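In what follows, chain A forms one complex with chain B and a second complex with chain C.
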Partner chain A sequence: MIGLLGLVIGVALGLVFDPTVPADMQPYLPIAVVAALDALFGGLRALLDGIFSDKVFVVSFVSNVVVAVLIVFIGDRLGVGGQLTTGIIVVLSIRIFSNVAAIRRHLLSA
Partner chain B sequence: MADEKPTADAPENLPGASLDYGIPDRDDETLLIAGNRVGGRPAESAPGSEPSSPPTARTTGQGTPGPATETAPAQPDQTPDQDPDQDPDPASQAPPTLPHVEAGFAPPPAGFSGLIAALRTRRAAPTQIVIAVLCGLLGFFAVVQLRLQADDNNLRTARQSDLIRILDDLNDRSERLDSEIRDLELRRSELQSGSDKSKAALTEAEERKATLGILAGTVPAKGPGILLRIADPQQKVDAAVLLDTLQELRDAGAEAVQINDVRVVASTDFLDDQPGSVKIDGRVVSAPYLFKVIGDPDTLDPALRIPGGVFAVLDERGATPTVEARKQISVDATRPAADLDFARPSSDQ
Partner chain C sequence: MNSASVRRPDASMSLLSDLMANTLDEGYRREANRRAALAAGLPEGQAPPVRPRGSGVIGALVLLLVLGFAGLVLTVAARQTHENAPAVAQNRNELIDRVQAETEQADELQRRLVALRAEVDGARDDALAATSAGSAARADLDQLSALAGVAAVHGPGIKVVVDDAPSGTERAGGVTGRVLDTDLQRLLNGLWAAGAEAISVNGLRLTELTAVRSAGDAILVAYRPLSPPYEILAIGDPDDLEVDFVDGPGGRWFHTLQGFGIRFTVTAQKDVKLPGATGVTLHHALEDTSAEVPTPGPSASAAPSAAATSAGRPTSTAPASAATPRSEQ
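Take a look at the complex of A and B:
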């Protein structure tokens, strides 16, 4: 899958360039990464379910990241950024877990 | 699963639907032309739209998997979408298909082989590129974040409130350490002055000890003084005369006295012995008697010559005293320090 290739290339680029993240963006980066991971696992699961759609994947990927970052951003403005970050991480983790469970059922039939 | 649902309808379509359905490969053209734009919308209104617009049906089929990718497996919407996908089928099929939630979609091949197959059947397409870019971004930022975490004690990624807390902690700690430093410095200066004090006390004690040692006759002494030689040709100089002489010297400020080789101290006693000799502190001392006296020569000498004094008495007895003032008299005889069995210092002075 070409996406996998992209992932590998991205990791390689990150390792090679080692960029510095602007300070304003730093609290949101981990959230964005986790949200994207959630989308990624969702897409993998859909793929195994046979209902994968490029468009949906792209949209869900982007919207996941944007919404998660937006929520944390608003939380920061409201002074509850830390708590909201935790909440989002919990939600996304639960989704990742359930997706991974579905993937596992597909791959291992267990 | 596929066989359950549309048994009667279109057998020839089924194999196509089985694997490829969910996979955009087959649908590339449709997706790009119509599906991309319209895809999402009909999905929700699927049941209603099926009869009305069969052509869009295909795209709806694409759209429906969307929710499924993000959430739990199949939603009721999906199945109706599925049916229109199989073009020839009339909309009338919709009701029966509803119950078969997962039936319409590609029967997922079990195990890793299915995954590999799913991955392998991909072909480069614009959306695929987008997906690749997104995955690349994910990998990139994941790595960046990992680096960040690894790099610098999380301070750069820390939130402002956390930073403030950390700063407060550090301030508290530095305050504590500062006060500790102050305490220790105070203590050090105390100890230093204390050691100065004790050093001074030690010096004083040393001097005192030296003085007392001289007085007690336990250490040699030297200084200005006189040499008094008493020749006793007639052997008439006895213990009493020598004691008088000594007392006269003491009165004149003699600080250390030695007669021949006997150190004279406060407890020294004189006893008559054979004529021409006396016992001083139990030791026989014979004439001529040589007094080594440390003191002020200008005081000692006149003291001896007082009329009716020491010299007069000695002259009476036929002895011939001679006095010699010296800048440096060495009183080098010593006596052992007395061991005190009972007396102890009553204070630490």
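Take a look at the complex of A and C:
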């Protein structure tokens, strides 16, 4: 429940303050979002599996976002940023897909 | 995990199957196992409080913070994309507007060029008409510019219309019923050979510098792409031009092409009007003044010099005045 509360507060903050992302960081925002989504759905699935751990969730969330952004950043420096972005999106979206499927099995038992 | 030690048929695809099978962070499983081990080690009834109470509050706070951050990032990203979308579209529209504006400006400049050229011609005619030598020069000039294809001309002639074969009549073997640049070249050479004195293709007057070639699918005449049907107007002897052309190499060539579905019609015209060509400039060929007597001098007035240039021009343009280079090709 506290997680849901945090999510709501975050969305509200984003809507109210409308913070602008520095131009240098803008290309990495979508990747960070997808990485965050992956961690979120992973946590949700763990919760439904009954093995949720806030420590693991926080660590996986932060490392997910940081690593994804870092990979794209390095890729940009090497000139393969676009390809690495695609790779990360593919991997993360496959994970999101499977996790959502697992969540669905939990919730709908189908 | 255990099945990985036994070699599976899809072992070579381990990356993909790993990706598909282990979607959950392994940390959750390990933490659960650790807790289970701890709980098993402890006396019953003491399993839940694994950690001190304080760290539970901190953990909840961190969780709140992280999820708050997640919500923030999501919102900001969505907002930014939403706000950027009109900007991107606007950029594109601005570019389109600029292209159109520049195109219009280029057209306007072209119109001004034509108008100014007409003005210059008029002024020159007026200036030349003032003296008798000037009048002679003007007559020469008119004659030469008509020959060179710069001046608009009219007279009896023929109209030749050629067009690609109707679509859907393509034959086996990849034969397409399309008029090629070489076909058009044969046609034009045939017209010159039949005695045409002036020719235009789709409103573009041919000069001795006009190239007929293809670029991609289009035929370029004077570097401008044409689209079929091609309407060729030619001025020449009203009695002979049509017969000579149809019986000549150009007409016979197209008679053959008609077998491929290419459409080809020739009609005699009482009076055809051909426009002058624009942009006829010699960049490298210079007038050979050594053949003439140059009349430099401080006392030389405008009229004699005009006469001298007009006298000098026939020799310089003589090779181009006839269509012989084309018709012999």
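Basically, the second predicted complex is superposed on the first by the 110 of 110 C-alpha atoms of A that agree within 3 Å, B and C clash if a C-alpha of one lies under 4 Å from a C-alpha of the other, contacts with A are read in each partner's own complex, and residues count from 1 in each chain.
Note that contacts are C-beta pairs under 8 Å (C-beta built on N, C-alpha and C of every residue); 3 or more make two chains touch, one makes a residue touch a chain.
Please read these numbers as outputs of a predicted model, since none were measured by experiment.
When both complexes are superposed on chain A, chain B and chain C clash. In the superposition on chain A, A:15 makes contact with both chain B and chain C. By the touch criterion stated above, A:67 is placed in contact with neither chain B nor chain C. In the overlay built on the shared chain, the residue A:109 is in contact with chain B alone; chain C does not reach it.
Touch criterion met: A:82 reaches chain B, while chain C stays clear of it.
In the superposed pair of complexes, A:48 makes contact with chain B only, with no contact to chain C. Contacts of A:91 after superposition on the shared chain: chain C is touched, whereas chain B is not. Looking at the shared chain after the overlay, A:57 reaches both chain B and chain C. With both structures placed on the common chain, the touch criterion links A:23 to chain B but leaves chain C unconnected. Overlap of the chain B and chain C interfaces on chain A: residues 2-11, 13-15, 18-19, 21, 26, 29-30, 32-33, 36-37, 39-40, 42, 45-46, 49-62, 98, 102.
Those residues of chain A whose C-beta lies close enough to touch chain C in the complex are 2-15, 18-19, 21, 26, 29-30, 32-33, 36-37, 39-40, 42, 45-46, 49-62, 65, 91, 94-95, 98-99, 102.
Within the complex formed with chain B, the residues of chain A that make contact are 1-11, 13-15, 18-19, 21, 23, 26-27, 29-30, 32-33, 36-37, 39-40, 42-43, 45-62, 64, 76, 81-82, 98, 102, 106-109. Touching chain A in their complex are the following residues of chain C: 19-20, 23-25, 27-32, 35, 59-60, 62-77, 79-81. Chain B meets chain A in the complex at residues 19, 21-24, 31, 35-36, 39-40, 62-74, 78, 102, 105-108, 110-112, 114-115, 118-119, 122, 124-125, 127-145, 147-148, 156-157, 159, 161-162.
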